[in-house]
Amino acid sequence: MILQLNQVSKNFGGLAALMNVSFQVNRNEVMGIIGPNGAGKTTLFNLITGVLTPSSGDIIYQQQSIVGLKPHKLTEIGLARTFQNIRIFGQLTVLENVMVGAHVRSKAGLWHGLWKTPFARREEGNIKQRALELLDFVGISNHADDTAEALSYGKQRRLEIARALATEPEILLLDEPTAGMNETETTELRDLIQQIQVMGKTILLIEHDMHLMMSVCDRLAVINFGKKIAEGQPDQIQSDPAVIEAYLGKEAV
Amino acid sequence: MISFTQGRFVKMRWMAAVLLVLSMVVMAGCGGNSASTNKQSANTAKIGVPAYLSGAGAAYGEAIRQGLELAQSEINAKGKIKIELIFEDTKGQKNEAINAVNKLINKDNVVAIIGPTLSGEMFAAGPIASQAGVVIMGTSTTAEGITEVGDYVFRNALPESLAIPNTVKKATAKYNLKKVAVMYSNNNDWAVSGYKTFMQSLKQNGVEVLTVETFADKDTDFSAQLTKIASLNPDAVMVSSLYQEASLILKKARELGIKVPFVGNNGFNSPQLMKIAGAAAEGAIVSSPWYPGKDDAKVQAFIKAYQAKYNKAPDQFAAQSYDALYIMVNALEKAGSTTDRKKLRDNLAQIKGFQGVTGKFAFDEKRNPAMEATVLIVKNGQFTELK
Amino acid sequence: MDFILNPYYLQIVMFMAINAVLGISIYLTLSTGQLSLGNAGFMSIGAYVSALLTIKAGAPILVSVLCGGVAAGCMALLIGLPVIRLQGIYLAIATLGFGEVVRVIVLNLKITNGALGISGIPSMAVIFGKQLSEVGLSSGMGGLTLQQIANLLVLLVLIAVVAVLVFFCIRVHNSRVGRALAAIKADEKAAEVMGIDVTYYKILMFCLGAVVAAIAGGLAAHLTFYIGPKDFAYHRAVEILLFAVLGGSDVVWGPLLGAFLLTALPEVLRFAAEYREMIYGAILVVMMAFRPQGLLSTQTLRYIKEKLGRSRVNDTSTQPG
Amino acid sequence: MFWQQVVNGLTLGSTYALIALGYTLIFGVLGIVNMAHGEVFMFGAFVGLLLVTTFQLNIFVAILGAMIVGCLLGVILEQAALRPLRRRSVSHLAPLISTIGVSIFLESLALRIFGPQAQAFPASVAGQLLSIGPLKISSVQILILAVSFGLMLILRFWLQKTRIGKSLRATAENIETANLLGVNTNKIIVMTVALASGLGAVAGVLVGLAFNAVEPTMGVTMGFKGLAVLIMGGLGNVTGAMFGGIILGIAEVFSVAYGSSSYRDAVAFGIIIIILLWRPQGLFGAQKGGH
């Protein structure tokens, strides 16, 4: 077990976005989170990555509560994410975007940068090397020197993943990575996710594409109206009446 | 890889920006041409005038410009020495004054400078002119210590350190002042200097100061300060500020029922005071070398000529700059040269017994004016002598 | 040479250098996407602290200017800590307010001499002149008078300061820290989630900007004999902002270009002085509408470099013939 | 003296509130601090003055005229300085900078047109002085108080109850969503800026009347105070602007009455800094934090 949510709730004003959600993520598994639009999935991600603080409940990462830690601290201890609406640094080059991801794993401060010390040079060299490898890994290394905003939509998604991987995370949170992708791109992305799993990372995945989720996830949690209504392996979820009701409405039951 | 349309837009924007800059440079080029077409003959003296011509204090610069131009037209009509005035706008800012003075000295090669308008500008620009060996004469720089910044720094503005004690003494005797309130604009160097002189001369005359209240230039609400002063029942209120604030203070004070005399620094010395404050200005007291009501042919002729040319009554700024140019010409004539800066300085320092519209005038050994000031009081909307 | 020896042009070039330093100060703060309208206030702290140290304690100019920088840096830290966590708008307004508070305090303190300001500040040119005559150069050298040599020395010092700062900015820009700054400017939230301590870098750059503004203030105080609270009012802050807006704030050359243009133009445009503020205002609006990245942006630089590179290639290709 | 000072503080405070209402309205809908608001206020004052002096019009007609000119200025401001920025994604600082540009432009334009001197309304319209016991209140002071409270109430009602107000608030929530819901956001934004500017112009005339001086730099000074109130009351909060203004006015007056007048101008910004340290959402803002 790498990540555990205990009775996590989040209110906005008087509105409850999440209510007493609990589940756990095991090391090196792909855990999927599904649910209708507005169910609270992205809120859940924001809570885990420290962008929001839970109104109550606890989030445990590697035996340690991470509630109240700032996002950059969380990245430091091994959580990385992508965004539902892509947030790359558009004016920077593709390579630089990935190198930003390596920030948390490098040290050269103002002083080293100013004098281009041997240490800084070596570190920059390593970061660059690593970034190129990651670009290669996600398959966009031929765009390394283009500005990021010039990339196509699908490639920007891949860039985001490369950037997140550059932070050397233990657990990677992907927020709708196939949104807006065509079928081939989606298939390629599934392969990419599986490769990341092979690398030994844990993945937490939000996605609407049921087909993809069923084939790539080891386990799934279902959220509806801010509550977790089911959790289990894909085949269990598929036959869970509560899930079917949530997705297809009462008539279908 | 910017798409074609985007790229074109970027280029268009870029071109728009370049055009903006280019058009400014072209405008600049035209200006340069017109400036360099001026020619001068042997008996023409070029005098530079850095003045506060635009911005919040433009009214002062404007009066100075008009006074100078009136004197210039009279002098040039006589024909002995011709005067060319080169105006530079300092916008009341120190750096601008420095640049303007540097330009006048090193680019326009002026023989002397009349200006700048503010004491703060003079503190910065005076040393530069002095170092370059060019006479710089302030017509409105009344703050303490102005002429100490350099041997070439002169002024014909009556320093507040002479005018205020004169006023305070007369007012104290006349109204038997025992306790007064003091107000001043604390973001105006010149008004602060005036305030300090007020405090000194009040002390010398044994008058008690009940409270000191400050405000800032361009303030319009004085009700809090005046309410406080009203509750203390002073015999008089001393105010050191420009006329605009002074007028508003008088108005509000009368509204709040403060009926005592108001004694002012040089800022009170303007017809604008009565224009803005109206009836509330009654009883305002100030010392001035410039007194339009003076029974003097020269003064009346000046007022008439000024009225005719600008369709308004001259104020002290116009009067003093008018005199300043005559003083300068006087020294130029004595020096016998329209270009020798050193000779001009030495002859200027010797000026004595000059009779101008602001009275009899001489420079003392510190290049400050030695002149007499009349204590004036506003009566029936007019400055009249306080006797 | 005659051109640069003419005190008028010399003075303008000196003001350009000071303004360039101010431009760099706002560039530093803007490099994290933060707008400070308090740089005039920091400048005044630098000017007053260094002027007072030179006059009252007889400190060498270099030391006093640096002390001014440190003082401003500490003030920036005090303001930055609570405000920088909030939206960018808050920093702009808080620094605007800070500038006003500094102005009022300067007006009220005895040691700053209120509105009268501090006059008789030893100028760098005078001090250099003295030192030169002590080493036996009182009659000048190589056809130049002592005063001219001293003035040129001052200019050299100022250019050196600008050069050092530009070097600093370029090196930082191309380093790991520079990449983090660019990321923060592009998308603060994403940068934070990518593991960048956004608050730390924002405060760091805000304070550095304050230090540099204060250094400009200290240098300016030792150029002009006199400083007063009026020199550091709101309009000054807007002028500093203009350097970055006109020139651009993506690369350090932008605010430099802005400072050069906006110091030179008023001199060539003297006849239009009354319209200057109006032109300034128009520049702000027009730039924001049509070219918010300023005249020089990363793309422009890249474009210029490519052009230069291409022409160089052409040159070499024609050479062998 | 105490009560007279309270009256002074209320008068001053209600003028601050009047200005801050305009700032707040624009911030509430657009999330923009309109730095040119002070100058619109100043222009309004001059227009009112001109209508009364040169055209010999009744003061209430003049106020109406100033309001119309203010609205027009608002429309121009929106078209020139805000709309071009909205068309594409620019930094959130762009509108701030662009409105600073407008403010500088308008200020120097006013200096050119109207000259630097302060001008006053003729004594006949400046209002009578009423003596209530030991207190002296001018009729304009009462008018200002009434107008600012009235406007606050109207604004609140209008924002909450009317259809236009509701679309205004929808736009404030999220421009894109409002667009999707069929709100013509461009129209709403122009209306907001015009309304706020019209309010600013009326405030200008009233303040010009109350202090008997209208001059080109009054926009900057009053604009700064308005900004202080904006932060104090909470960005975009109508009630906050009202009470924030009054608190600031009273605080300033009392700093003079019982403290030192020379620190008066630091009060406003001292308050800003304290507020930002202690309660960044403003005195009346909802507990949401600055983000």
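A, B, C and D are the chain letters, set down in written order, and residue numbers restart from 1 in every chain.
As a convention for this text, contacts are C-beta pairs under 8 Å (C-beta built on N, C-alpha and C of every residue); 3 or more make two chains touch, one makes a residue touch a chain.
Predicted model, so just to flag it, every value in this text is computed and none were measured.
The chain with its Cα centroid farthest from the Cα centroid of chain A is B. With centres taken as mean CA coordinates, the chain nearest to the overall protein centre is C. Chain B and chain C have centres, each the mean of its CA atoms, that are 32 Å apart.
Distance between chain centres (mean CA atoms), chain A to chain B: 70 Å. Chain A and chain D have Cα centroids separated by 46 Å.
Residue positions of chain B with contacts to 2 or more other chains are 54-55, 186.
Multi-chain contact residues of chain D (touching two or more other chains) are listed as 108, 111, 260, 262, 265.
Multi-chain contact residues, meaning those touching two or more other chains, do not occur anywhere in chain A. Residue ranges of chain B in contact with chain C, taken from their complex: 10, 13-14, 16-18, 20-21, 24-25, 27-29, 31-32, 34-35, 53-55, 88-89, 91-96, 98-99, 102-103, 105-107, 120, 123-124, 127-128, 131-132, 143, 145, 149, 185-189, 191-193.
Those residues of chain D lying in contact with chain B across their complex are 1, 4-5, 8-9, 11-12, 108, 111, 115-118, 120, 123, 129, 136, 138, 207, 211-213, 215-218, 221, 252-254, 256-257, 260-262, 264-265.
Residues of chain B that touch chain D in their complex: 54-59, 186, 213-216, 218-221, 223-225, 227-228, 230-231, 244, 247-248, 251-252, 255-257, 272, 276, 278.
Residue ranges on chain C touching chain B, taken from their complex, read 6-9, 11-12, 15, 103, 107-108, 114-117, 119-120, 123, 147, 224-231, 261, 265-274, 276-277, 279, 283, 286-287, 290-291, 295, 299-300. Residue ranges of chain D in contact with chain C, taken from their complex: 33, 80-81, 84-85, 90-98, 100-109, 111-112, 220, 224, 227-228, 230-231, 235, 260, 262-263, 265-266, 268-270, 272-273, 276-277, 280, 290-291.
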